[in-house]
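In the two complexes below, chain A is the common chain; its partner is chain B in one and chain C in the other.
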Partner chain A sequence: MTTTIVTRFLRRTVAGLSIAAALTLLGSATAYAAPVWERFEPVKALLDGATPRTNGIGLDIPLVSEDGSSVPLTVTADSRMRDDDYIEEIHLFATRNPNPEIASFRLTPHTGLARIATRIRLNETQEVIAVARTNSGEYLVSSREARVTVNGCLTRADTYDADNIMNARYRVPNELARGEIGEVLTMINHPMETGLREGADGEIIPRRLINRFTATLDDRTVLEARFNTSISANPYLRFHVRPEEAGTLTLAWEDETGAATQEKAPLQVR
Partner chain B sequence: MSNTVLVAWSGLVIGLIFGAVGQRTGFCLTSGIRRYAQERDGRMLRAFALACAIALIGSQILAAYGYFNLNRSLYIQPGLPWLAYLGGGLLFGYGMMLANGCGARALVLLGSGNLRSLVVLLMLGIAGQMTLTGLLAPLRLSITEATTLALPFADASLSGVLSHWGVSPTLALTLAVAAVAVPLLLFALADPLFRRSPRHILGGFTIGLLVPAGWFATGYLGADDFDPVSLASLTFIAPASNSIQYVMLSTGTALSFGVTVVAGIVAGSLATALLTGSAQLQGFPTPQRMVRYIIGGLFMGVGGAAALGCSIGQGLTGLSTLALGSFIAVAGILVGAWLGVRGPLRLSTV
Partner chain C sequence: MKQGNITRRELLKFLGAAGAVSAAGSLGIAGCSRNGAPAGRVIVIGGGFGGATAAKYIKLFNPDIQVALIEPAERFYTCPFSNLYLGGLRDMQLIGHGYEELKQRYQVEVIHTLAEDVDGSAKTVRLADGRVLGYDKLVLSPGIDIRWDALEGYDQAAAEIAPHAWKAGPQTKLLRDRLEAMEDGGTFILSAPANPFRCPPGPYERVSLIAHYFKQHKPKSKILLLDAKDAFSKQGLFMEGWKAVYGDMIEWVGLSDDGRVVRVDAQAGEVETEFGTLHKADAMNIVPPQKAGFIAVRAGVIDTTGWAPVKPQTFESKMVSDIYVVGDASVAAPMPKSGFCANNQAKVVAAAIVADLDGREPLEARWTNTCYSLISPDYGISVAGVYGVEDGHIVETAGGLSPLGAPADFRQREARYAVNWYNAICQDTWGTSDLPLALG
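Then we have the complex of A and B:
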């Protein structure tokens, strides 16, 4: 363990120095460095040649996090979220995590506000990228550096409450006016095992992820989400809903083993 | 008001009280030990013992009523990294004697115009962050990992040990609290001089109460199903570092409980000092003294970060959870401090 820490430390320092040297060289050749997303394959594949806007979308992540296992993230895109003009998709990427795709969301005009908050895992200091696509096919991109330092104090083993796994909870506004946008919080007890981690016995703990979440208001889709390994344990989502009339908001979680949970939240509209 | 804002405000109030009480009563473990060892005046040390007992009893009562679960605090962890606690404690204790006061005392003194404390706090904050997440962090983590003892029970606390031996949990907790609190109270109240000194009694009592108040703020007011605040109470190494970091990075970091406590202490002490006319700017008489304080600050930062707490963080807050690690850290701090007043490493009186 000691040697791995020391080598990791050296490797980072060496990598840091060589990157610094490379940047100095680059800096003399070009006036500025191109944004990370332009060189990042998964984003290039998603954009497929389209030129995105870099305004109208914001990514909010703490500058420094001491706990890379749970970094709060909020992505917001400017949009009226009406039938003729709304954000249809939001994709999140972590450039230096084992699986760069963090999560993808499909939004609808019923979402009301193109803002989603969750908590993510970051392996190391890196660039986090958000790409949004409007219903007319226009792309918006934002990226932000998130620094992660060693997390010394919270070395508590990843034990979780196996009895309450797939236990979901939610919070919705007591009452909304017609067409008012309300905030929905929901969370589920789940280890989000990445399949990349060894247990105490040295065996790889098998992968087990929540991979799908949907929120529907009666028969209308409000939000669909797909998660990958970089979503923190006990997945958490904050999103919005704009109900035109009272109804039942169904929050459905599904994991890779097929286990599923549904919570039904009544929405009062006056 | 969201739970995080509520916790930040509570931290400020707790800090203001700490600052005012500390400024008026001179509550300080360092002076307590020095006066006890050199002048046979035990009142300040006994005030610290009283604070320790009050913190323990108060925290355990609130925990028993279910306001928070102290086993979730960072002091109680599955293993026991004894060397980090002991070595860190020793370094902290000796550093506290070099700098003539711990981190919390330095904050109080800074508020009343003592600029020596500013130097100590800057050194302590930088060294603390270096050890927690910076240049010394890999070393700290490897020492911690290499010397962590696996324990045969889940809760590394005194009550956890007793329940492991078959005592029922409630009885184990009562016995453990009594075994620590009664000797502390007896020690505090044994001295007639202390019993006749309302200033010291009030200082120890109030500061002791602030520890359960801190647990209550983060554990009860900060509780939220979706966005809980991490359980914490008074401690000064990481918060001193975080305060320096917050000043520089506030647009990208959240305001934490510890940072508002730090701000509150300086403000509370400043206000009290101005109101009572006791504020006075003070600097270093000689450069040699400055070197000594700088080294003291560095020792406290490195040691306090390794031991996960200072004289207050482990001595009052850590012990209030009955964590085994806190007993080791406090033993280290006391021995380190003792080396500063007796024996070959004895320091001159400032």
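Then we have the complex of A and C:
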């Protein structure tokens, strides 16, 4: 169940009830009863004493995932995304992974929509937290429990192509109207080695991560991302762009070894 | 089937206890307790793996409970072994099962119509024929419905051209027709969905047995399996088997290689994947995203995932009391959505209902599952799991897979076990007793 849907559902159908009663009714009160983020150090450090809002932000993760190596996640914050009022940062945390910081994103008014979709690794059942910060310094927090089941039906496979590391794919809209919001899809072939697992020879496989991704429309930043070990192999990102005029969308990835890839896509604006 | 010939009158005579099985209440035939009142009224919706098993075992555990089973079809065609039919190894009639045993031996009132609505507070079920039946306990095992809004271009009309065949019956026949009509050298595409879905190994067994058919009749053909996942059930075993038996006839394209289909053009015989690759097919099988059968929605037992969350110990709905949801419609992960699990869950539900109606606590629940898959008629593989409840969640407590690299006779034995499994579960669920042991 997604927070966004719950929120919408609440507004539409049970507006008359208190929130607590309504959540009990939906059988999903557990995720809200004890806000884990209040006690979670990395989030406390980020908030630095500020009191966040818990509405206006939604985190969508399957309640139960059978494959913890690739769990789809979407975070959405309500925002007009205009110069005077936009979401500037989004941070994702997996509370019980070895490195709890999953990724951080910097957004701009050119992003058009404060929504990021990616795929993450979850070692075990745990709380996943999203924190967003507006350009005026206000914080928004959302948190969800994600269950990961050990499923004997699933065997792990190496999912990346060792011969073509740093090979990227993307999909951008053919054409947008001025000021229209379009979806951008990117994926890069990369192992995202955590430095925590052993190879067949018993030796630790050295850490190798894509640690930075940027999307720029000519000289304007659309999105900047920093990835950590909890982003799945073959980092996948879905985000948006709102062009005011035609330009070239440059998508750039860098990994820790210094390897880099760039893709350029013309964006037509009518 | 032998019991099919016995009329109700003969049966009553045979039982020699007509009084004990006289028509009682609105549900028709039913057992009665000593004081004449039934020990409770249970309605079961759906006569598939979960529902038929639940109806039978409630009667087996306590014949004094009145049980009515609502199922529109007079014959139920199983998805298990429908892949054998597609591969040309079994006739359709051999995967069809009836309800004679439930009616005659277990005194279940089987009503062949659709349940249209459930009122969880009045505790009634409305049938398509207008009747309204009351219950003390309701079991829902409606299986899956297709999410027709989930995949661009894939609606009911498209499924008449590019079948899903994920409910056995006319759709399965249609897919077989498409395969037969395909020319040698053609490309067959199967699109597999993300988790969770009915039968995690199903798409992979299906391409295996279609490859078996191609190898014999259309050896120049190709199979392209486009997948919305990066990992799948028994992956290593399937890949090993495909290589060994079919060379490179089967190509699997996972999520990270742009395998997720986002648009279907059934007319043009074309699918488009996430990053814009177009694939042309001469025959297509789209296994679309799924959700619990609509009656679960009517009963108010599903959440926004489209599936029904249940209390693990009893499979009673977390949302509406006295409604139990078993089989594919429930959220039972890590148990897979399999016929074996549905059958197992139904027995636990039957025991819980019988205990509750008798004022007793339910027993501690344990479940098992084995999914056999056939790569060819003499190449079987399996995955097994044992499940229990810990900290309020279902967990896998033991399990295992067939070994990789096993010798041919090992695979051959597992193929035989698969047939034995099918025959046994159909006997247990519908009482079908004369199924062949031979494969193809």
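As a working rule, the second predicted complex is superposed on the first by the 229 of 270 C-alpha atoms of A that agree within 3 Å, B and C clash if a C-alpha of one lies under 4 Å from a C-alpha of the other, contacts with A are read in each partner's own complex, and residues count from 1 in each chain.
By our rule, a contact is a pair of C-beta atoms (placed from the backbone, for glycine too) under 8 Å apart; a residue touches a chain by one contact, two chains touch by 3 or more.
Since the structure is predicted, the reported quantities are computational estimates derived from the model, not experimental observations.
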{"item": "Touched partner set for A:L63, first chain B, second chain C, both or neither", "value": "both"}
{"item": "Touched partner set for A:A233, first chain B, second chain C, both or neither", "value": "second"}
{"item": "If touched residues of chain A are counted for chain B and for chain C, the larger one", "value": "C"}
{"item": "Contacts of A:A45 with chain B and chain C, given as first, second, both or neither", "value": "neither"}
{"item": "Touching both chain B and chain C, residues of chain A", "value": "1-2, 5-6, 9, 62-64, 66, 149-150, 152-157, 169, 171, 185, 187"}
{"item": "Residues of chain C that touch chain A when the two form their complex", "value": "194-196, 200-201, 229-237, 254-258, 274-276, 303-305, 309, 318-319, 331, 333-334, 336, 371, 383-385, 393, 395-396, 399-401"}
{"item": "Touching residues (chain side chain B, partner chain A) in the complex", "value": "74, 77-78, 132-134, 137-138, 140-142, 144-146, 225-226, 238, 245, 249, 251-254, 308"}
{"item": "List of chain A residues in touch with chain C within their complex", "value": "1-2, 5-6, 9, 26-28, 62-67, 69-70, 72, 147, 149-157, 159-161, 169-171, 185, 187, 189, 233-234"}
{"item": "Touching residues on chain A, where the partner in the complex is chain B", "value": "1-2, 5-6, 8-9, 62-64, 66, 149-150, 152-157, 169, 171, 185, 187, 236, 238"}
